[in-house]
């Protein structure tokens, strides 16, 4: 990419959620116009149920008359003066490269897919570490140039302390549980709130917990699904980011579902991770707004 | 349709389920070959889990050297001699026109769709009666040339007795609950077992019971669905015939889901009803085999 | 619906397309804020390829400090003063009920579906007339309370003159070719430009013209589709509004495709018509922006 | 896997196509029953258009009273005595491990996906070699333990001679063009007929040839697709194995389509390759029967 192209592709992205009231759109639009900002993407949502307003706006960095820090200072003043105190907002700079840590067990499909996407530049982030509780994915990970950390889970408490130490050393923007198969302790759910992303191999809220494909087989459903969600202390109950399904039929055994389900788990997790890294997701209560 | 075409399109259809053992396929194939039958569709399924075998075979009626009654007698002899006593089988003749009764409340979408399909000849059956607990769909039904029976539900027990009387007078092949919104009493579930087909407006087993779209909205799912199933005494727990989903997002209110969900309810019910009428569904325990 | 609810649901909707430049969003947002408008939906698109900007904004009518005519006058002044002369915009009032005329031949599925949706209030419009070149759908149409006009096509030129007279008498917001099977003459394509909507039973640009399902069968494709598009003088080449597909396989004959294809034609046309009537579609050159 | 499990999972698979006539099913079923064969999968198709009959039957190897060679000899005798001389059939043994060679250029997504599936045992075959015309995928390939052969394409004729030499040395069951971007010369199309599988990044027959996503963008379609097909001498016109699509909208640039299209290319190719390796595809003329 030439320097010119890179500069043209750099974005400042504002995401904001606040109690809805007339004039918010105008205030934000006026603010951006005053800074000379050329808007490349703008999305809005007014939620009737919660009476909350959400927006995401991406602007060309090279059109703005100041840097990201100054823009943040200016927006903070505007927010303090004119927005509801419960307002939550972020201003991010695509030039500040994000970091991802991936937690895995033995299943390789989501990990290989994420490593491949990162290698192709599909994710605006670097995978800086992979932590696994088995060594089976170590060599594979390292062949993509990513460090692999083996943390055996003989002693669960000690193991999670070690996992947390490795993760927190990187202060990552996303901690991705790519079929990690271990339930995060409540303190880590709290500490990584809004950053820990899990893939569950069912269409939630159906088939919470263990062996969801076997549950699906027993019930005789005609579609199986996968759900990408933020991790919270309650198992498989966090805000849903993305879901999808594939068709099965009576000829599919649980083993067939496991195999076919991998494809949908892989895609659903990849979409969720990308949206998170592109600041497309706003969490409000137990639900998400996704400006995809 | 010319007589010749009609004759060429007439089918005898065998459906059979039995404990699996070597040689069943050969015995059935030999039987059909001996009768001179030209097979136009044949489907098989061996279920590893239950060790049960299922098949559906359609043959050109004009290729068989006898009528449907004689063919049934012959097959009964074969089954008695060579098949497991638990074997269940049917032999149907497409020239014997099937009958459908539809139960409705106020929602028109599934009813209009089924009436339209019957009018176009998409269903191998006649809709012989519609029973409604409100009069709002009466004129519409009759404009398609189908009798409408109003049964108010002030007294639920009396009402169901009246519904049952109307339905049973026709001895229909299918009783379709097209958003009927009333829970069938256990005795009718039993009497109409394997013939009563319901459409539930969620992707079961998620969101059983009332107001599933509101439940879906509250949980923040990213897809909503519909499920067509045989009615059993346990609410929304009967053998699933067909399911499908559509994508929603944060901007969809429960009212939007109700509107969009109609499209998927309509399609899923129509598929289930057609497969049932074409003898494509074999029920085994709490699950279905669908040879679509 | 109570008067209060009705008032709360009334919307003024602005759609606008213009050459892109910095500050447009702010000017529009400022304009709406000055009028006291409570924005309920806002969507934007900047097209890199044409360097054109598009927006659609819906506001609560009861929040605006004037009526629709005055709002139009004010916006016209703003546009004249501050927007590029090529700017195209509309301001519509959901209280001004729209009108639809449907053109049909013998196939009933799209017509029944649209009549059903209009009956349920899913479309913000009335179907004011149906014109058919066969009488087979007349009784059906009238059972929904809609006038049916039979125009035989023995003399194509005279027939189209008659069709045009019936249509133009209503000055409809949409002329829907619901499997009309007649090619509109160029002068009507021109006169009804941006208002005439067709459903073609293939996934365009594959299988233009006659018997697309037979073309699809001959090629051996694994999906068949339908395309809703604005009618232009070049056959099946108008701006595409919506498309969708369904899966088929080797066992599906052209007749099976015709039957299954109806479901997707019906849905795709219904979506396109609804979006058109809700002012969600902006045409630019040979393409559409759809703010669904 | 224990030896017992492995033995239970071993299959002999018969695929057959012949002119349709009464009694074929019975002859095959009788043949298998005589050999003691326990059928685990059976699929049939009678093609009305060509009047051709197709079947695929998988039986447990450990249920058959002879080995694969003797079974082939017996079936050859049956076919010679009782089947039409145009009959084409194969009998394969899942214990005879298949071989795949993959041809690539610079794009990594299909290759990584296939290597991942082979590693997980999802494909009943080994990827024995990857041939690339750039070196960018060499290290990645070798990290999966697969040899990579760099063949620069400065001299196209010499390059294809070298590619053919590498491929033919392995006598592979499938030659997979995983976004190879080079058009096979006619002699290789002929030599590898029925074994060379390509992925084209459009929903054929739309957008044949170069830069299909840019063609799709220019036309303004609302879905983009991918097509897996056998390679023939006419570009992008071989028998279609599998297709699928994903939804796009006006906000997607050609670059966005390229990125999103990768997901569907990957899945469609993977399905096609697996079906081919599992003997699920019968080619007849320009079309395929896929018993998936």
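Which chain is which? They are A, B, C and D, in the order written, and residues in each are numbered from 1.
Operating definition for what follows: contacts are C-beta pairs under 8 Å (C-beta built on N, C-alpha and C of every residue); 3 or more make two chains touch, one makes a residue touch a chain.
Being a predicted model, the structure only gives us computed values, none of them experimental.
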{"item": "Partner chains that chain A and chain D have in common", "value": "B, C"}
{"item": "Higher-contact pair (C-beta pairs counted), C-D versus A-C", "value": "C-D"}
{"item": "Far-end chain from chain C, centres as C-alpha averages", "value": "D"}
{"item": "Distance between the centres, which are taken as Cα means, of chain D and chain C, whole angstrom", "value": "42"}
{"item": "For chain A paired with chain C, centre-to-centre distance based on mean C-alpha positions, whole Å", "value": "36"}
{"item": "Sequence positions of chain C contacting 2 or more other chains", "value": "41, 251"}
{"item": "Chain B to chain C touching residues, read off their complex", "value": "41, 108-109, 112-113, 116, 119-120, 122, 139-140, 143-144, 251, 259, 262-263, 267, 270"}
{"item": "Chain A residues within the chain B interface of the complex", "value": "45, 47-49, 54, 203-207, 217, 219-223, 225, 239-245, 249-251, 253, 286-290"}
{"item": "Interfacial residue positions of chain D with respect to chain B in the complex", "value": "22-23, 25-30, 32-33, 36-44, 46, 63"}
